[in-house]
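The following pair of complexes shares a single chain, subunit A, combined with subunit B in the former and subunit C in the latter.
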Partner chain A sequence: MKRIAPPLVSFGLCILVITLFLAVSTPSPLDTLGRFFSGTFSSWWYLGNMLNTAVLLIPAAIGSAVALRSGSLNLGGEAQLYAPALVTALLLSRIPDTVPVVPVFLAVLLAALATGAVLAAIPGILRVRFHASELLTSFLLSAALIPLLDYLVAGPLRDPGKNLLATRAIPETVRIPPIAGPSSFNLSVLPILLLAGFWALIILRTRSGYRMSMTGTAPEFAVFTGIRTGRITVLGMTLSGALHGLTGFLAVTGTWYTCHQGITIGMGWSALAVALIAGKHPLAIVPAAIIYAWIQISGDNALLSTRVDFDSTAILQAVLFLVISARTIPTIVQFRRKRP
Partner chain B sequence: MSVPLLFATLGALISERAGVLAVFMDGAITLSGFIAIAVTMATGNPLSGFITSAILTTSLLMLLAWFTEQTRANPFLVGLSVNFLASGTTSWLSSHLFGTRGVIALADSGIHWRIPGILSVTAALFVTIIVWWTLTHTLFGLRLSASGPAPQILTVRGSNPARYRIASWGIAGFFAVCAGTILAFNLGAYVPNLSAGRGWTALAALYLAYRKPLPCIAAVLVFSGAEYITTILQGTTLVPASIILGLPYALALLVFLFIPQTESAKKTP
Partner chain C sequence: MNTVQNATLEQVSRVFVSRTDRSPAAARFVALDAVSLSFSRGELHMVLGENGAGKSTLVHILSGLDTPTSGRILLDSQEVAFDSPADALARGIAMVHQRPLLADDLTVLENIALGGHGFLVHRKKILPYVEELATRWNCLVDFYATVRTLNPADRLRTALLCALYTNPSFLILDEPTAILPPEKRASFMETLVTNANEGMGLVVITHKMGEAARWGHRISILKHGKLVRHMDQKKSPVSEADLAEMIASPSEKSPRQRSSDTAVSSAFSDKTHCTLPLTISGLSASPPNRQGIHNISFNADPGGITGILAYPGSGLDTLEDALCGMIVTDAGSITLPGRENTGVQLDAASLTPALLRKHGVAFVPSNRTTRGAYPDISVRDALLPYYSGPFTPHGADRFAEDIVRREDIADHPFRPVRTLSGGQLQKLILSRELSVNPRVLILSDPEWGLDVASVVRLRNRLRETAAAGIAVLILTDTPDTMEVDDFFTRTYTLREGQLT
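Right, the complex of A and B next:
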């Protein structure tokens, strides 16, 4: 119970704050709050979309968790999601129909993973070689790239046949089939759950996982035991970026079938929040992602019935970051404060 | 034009001296600008807008700093949460009070008041000199400078370094308010994302100035010059606007890459 308490408190506070905001903003509080709490379960569409959001969050959250475990804070999640999504949509929409599907699918997946990996590896290398804070470099790189990506999607790479700010739709053959149509919940849930289990297995039971955890929690000790912390830091960031890239890939192939502006819907930050809430235990990411997705989607739904239109996701993230920051990575804070 | 950035950079400097990189500057600027405009629209008096904004923003930041100290929280996450909070709260209040999430113009309620340019520039330069003098010549300033890299010195001498950290957040907040209100009043309106990444540019300018107050002036001029050039370029449609939006962040990134980090690397993670 002691281990579950902090995340529950964080979520509880979030729900409370959002409830307050909603209650104040609407002429019919009972109706809005009803929508908030039960609206998601009122139909397969809502439920499926909520689960799909959770499924999309999970790889990115694992990515953030990987970075955290190896002692870094990856704040560049947004671009690490967006750029691979764009790459995916571009490559998949231009392949000729005659080419076999499976190899192309895998190749583009690799491309997406590589894109994300590179975007995160850069801050990692900068930290190890130049002692630049990966916190800032990853954030700045991401923030600098996003307007560029927006421009590309809305400009040169836009689908000229439609009026959306999006690239051309990918062909039917490479789309991941949905399970609970018409919602976006699709088959990707199966490999993703496997991925979560895989991650837990690696970090808890293997030597590489141990090395990574040690680099994150006690870097000096790790160095003394011969662990190459520099490499692990870069590796951690690279994997983090690759996993964010996976989410971007799935967003295109499973949910939207195209890359549109704003495809990330703040998932870069949500993933970090989920990873922080999940805390020490890797498998906790799955329920944390589900609860987070529930709060976000329900909040959006409830907003529709209010008089006021506001960015509830931002407030959600603010409260979450604030509450969980109180108990997260105390070792990193301690270690960094003591540096001469 | 570089005045808001100078204020922001000074605020970031003070916070950084106390050991915490001020990631909340961006959010604080936007929030304070919003409060200033909102209160000014309500009361018709710009000064009241500034004062209210100063009180509210500084108190909020000091409260969060106290929270960070009490719970040994990660200050970067708390700073990030300020950014999100500013974004969400301004959008909520803006929608609730003014019915729109877009631009809130002072002119709509009949207020046409601008800060005279010469006044703000002189004020900024004056403040820079005060900051420099305070940090190097007063007891408070010296203790503040020590609280970041060597808090044990303070503890040994009987002061509480946590108090200085909280104070540094408050002062940084006050400078953010100055920056935000100047930005807002110069525009004559509140626009969403008022700071436009200037909070982050302030952090970069801080490192460009080798973390000293007086060189901040030069660093800020460099960044403002770049911003000015991009504004001109935007008008000539040679460079797409989206790329220009990303420029503050890209510039800040470049600064981090190309300025030697040896000394500061040991101090800030």
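Right, the complex of A and C next:
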């Protein structure tokens, strides 16, 4: 009970704050709150979209968790999602019909993973080589890249035939087939659940997982007992970026079939929130992502009936980070001080 | 202002319950079992006990660092609850830890001033009072030295002054003499007695029965978390021999038969051991703000126990860090006994812990808390760094359980390292380091914080290890405790960073 209390309290607080926001900003509070609490379960459309949001969050959240486990804080999730999404959309929309689909799909997947990996590896290497805080470098790199990516999507790479700020749509042959009607819930759920299980297996049952945990929680002990912590730091960040890249890839191939401006809609931060809230147990990421997605989708849904135009994702992140950081910051500070 | 006359613990228990990633059930460990004890002003109260007897837990509770699971703390028969050491300090109870946490970048005087009241700090204004305290308590330190540059004894003195500056009614000291140079110990204890006679309540944790019998006004003995004896030295004095008898377990267990089916092979059946010594030549290191080491050269022969005896503050910590590859060295080389009777020569500048491990060097560091292990990880995780089998309940968990059982440590391996006593932790680290059949074993300050029985066990074990053909090297800055029965086959003395 003690272990699951903090995440439940955090989510409870989020629901409370959002409920209060909704109640004061709508002409008919009961109706809006009803929508918030049960709206998502009223149709396959909402439920499917909610589950899809969770599926998209899981790889990126595992990515954030990999970094946290190995003792880094990857704040560059937004660009590590956005850039691979753009790469995916760009490559897939330009392939001729004649080439076989499966190898192309896999090659583009690799390209997306590599893009995310490179973006996160840079802060990792800077930290090991020059003791630059990866927390700052990953954030700054991401913050500098996003306007550039926005420009590319809206400018040179924009689909001239459409009115959207988006690249050309990818052909139907490379889209991941949906499994719940018009909603964007799609077949990627299966490999993603496997991935979550695989992550838990690595952490709980392998030497690599052990080394990663030791590097993160007990850095001096790890160095002393011969674990090459520098490698693990870089590896952790690289994997973290690659997993964010996977989310970017799935966002294009399974959900939007194009890369539009701001495709990440804060998913990088949401993923970090999910990873922090899931805490120590690797499998907790799945339920945490589902609850997070439910609050987000329900909030957006209920907001449609209010007079105020605001974004429930923003509130959700604000409240969660406030609650989580109150618990996390002392750990991080302590950790930095102890690093030899 | 502080007028508390009596501090009483009433039926105080402390149970550690731990849960980890993997264990379904909670692990319970009773560190203190319904202890009732009263401390009074004007007395020097010695708390004796073996490793893991609960001495630290007891004083942590009294000083607000830990909270009891059940029981009450009474100050002059008024019940109090301490949430933090600051609470305890506000009620006049201060504690000085053996390796105290100080602000390393500030000067001694600034550290002391931090404990004062008010918004502004007047260094000049407090100086006369601090000087008077230092004289009265016989702990003279350079007030303008940066704390980082101090040796352990001066750090302790600084921490003591910090505590005294808050004008406490009760002062708790955790093994203060272990860290002082031998010639200073008696005079330090005399100072404590004098100040106790002048009205302060002093609580001193110690392993040293001689010290307790000679100086203590009262002596309490803890064993397995229970208070077993409580004596008033003024009424009926007991001698060191009496105490030794009371503390010794009725059946001091003979070293357990080692089970042969464990995953750890502790038998050194491999008789093809190298006969080459561990050779260090020309090792120099000058880390910032620490005593450097210059041109250190020595040999440690396989089958023998080599001692490097150091005066406190003469650079032993730097030597330790250099030998285990935790700091960058300036010059020197190290030759390790290899597998087939060949030496492996390594450049000291390229040493890393990983490289040393690869070449069969095992290391028990003086910093057992964050280097030899880590408080927040489980005992299992602390035992696994060199484990090479599968990470399954049958593999890794069994491996850890076996070591824990062989070392006679209560409860199961999922409890956090934090709940172990210093001696238990040291046993586990040694066992872990020996589990990889090393060719060289280096120990730094191995007897630090150990009780007499544990020291005897440790020495026997080290003799056995050496007899199996391993080069054992011991670094220590409390040499007097180790110079017995020809324990060392060879010794070197480290003074101001140089070997003589």
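Going forward, the second predicted complex is superposed on the first by the 331 of 340 C-alpha atoms of A that agree within 3 Å, B and C clash if a C-alpha of one lies under 4 Å from a C-alpha of the other, contacts with A are read in each partner's own complex, and residues count from 1 in each chain.
We adopt the following convention: a contact is a pair of C-beta atoms (placed from the backbone, for glycine too) under 8 Å apart; a residue touches a chain by one contact, two chains touch by 3 or more.
Computed from a predicted model, the values in this text were never measured in an experiment.
A simple residue count on subunit A separates subunit B from subunit C, and the partner touching more is B. Once the two complexes are laid over each other on the shared chain, residue contacts for A:225 go to subunit C alone; subunit B is not touched.
Touch criterion not met for A:247: it reaches neither subunit B nor subunit C. By the touch criterion defined above, A:150 lies against subunit B but remains apart from subunit C after alignment on the C-alpha atoms of chain A. Of the two partner chains placed around the shared chain by superposition, subunit C is the only one that A:207 touches, whereas subunit B remains out of contact.
In the superposition on chain A, subunit A positions 340 are in contact with subunit B in one complex as well as with subunit C in the other. Partner subunit B is touched in their complex by these residues of subunit A: 21, 24-25, 73, 75, 126, 130-133, 135-137, 139-141, 143-148, 150-151, 154-155, 269, 276, 308-322, 324-330, 332-333, 336-337, 339-340.
By the touch criterion stated above, subunit B contacts subunit A in their complex at residues 19, 21, 23, 64, 67-68, 71-78, 80-82, 84-85, 87-89, 91-92, 94-96, 101, 149, 151, 197, 200, 203, 240-247, 249-250, 252-253, 256-257, 261-262, 265-269.
Subunit A makes touch with subunit C in their complex at residues 2-3, 204-207, 209-210, 213-214, 217-218, 220-221, 223-228, 280-281, 338, 340.
Chain contact summary for the complex, subunit C toward subunit A: residues 19, 21-22, 324, 326, 352-354, 356-358, 363, 365, 367, 370-374, 376-377, 381-382, 384-386, 390-392.
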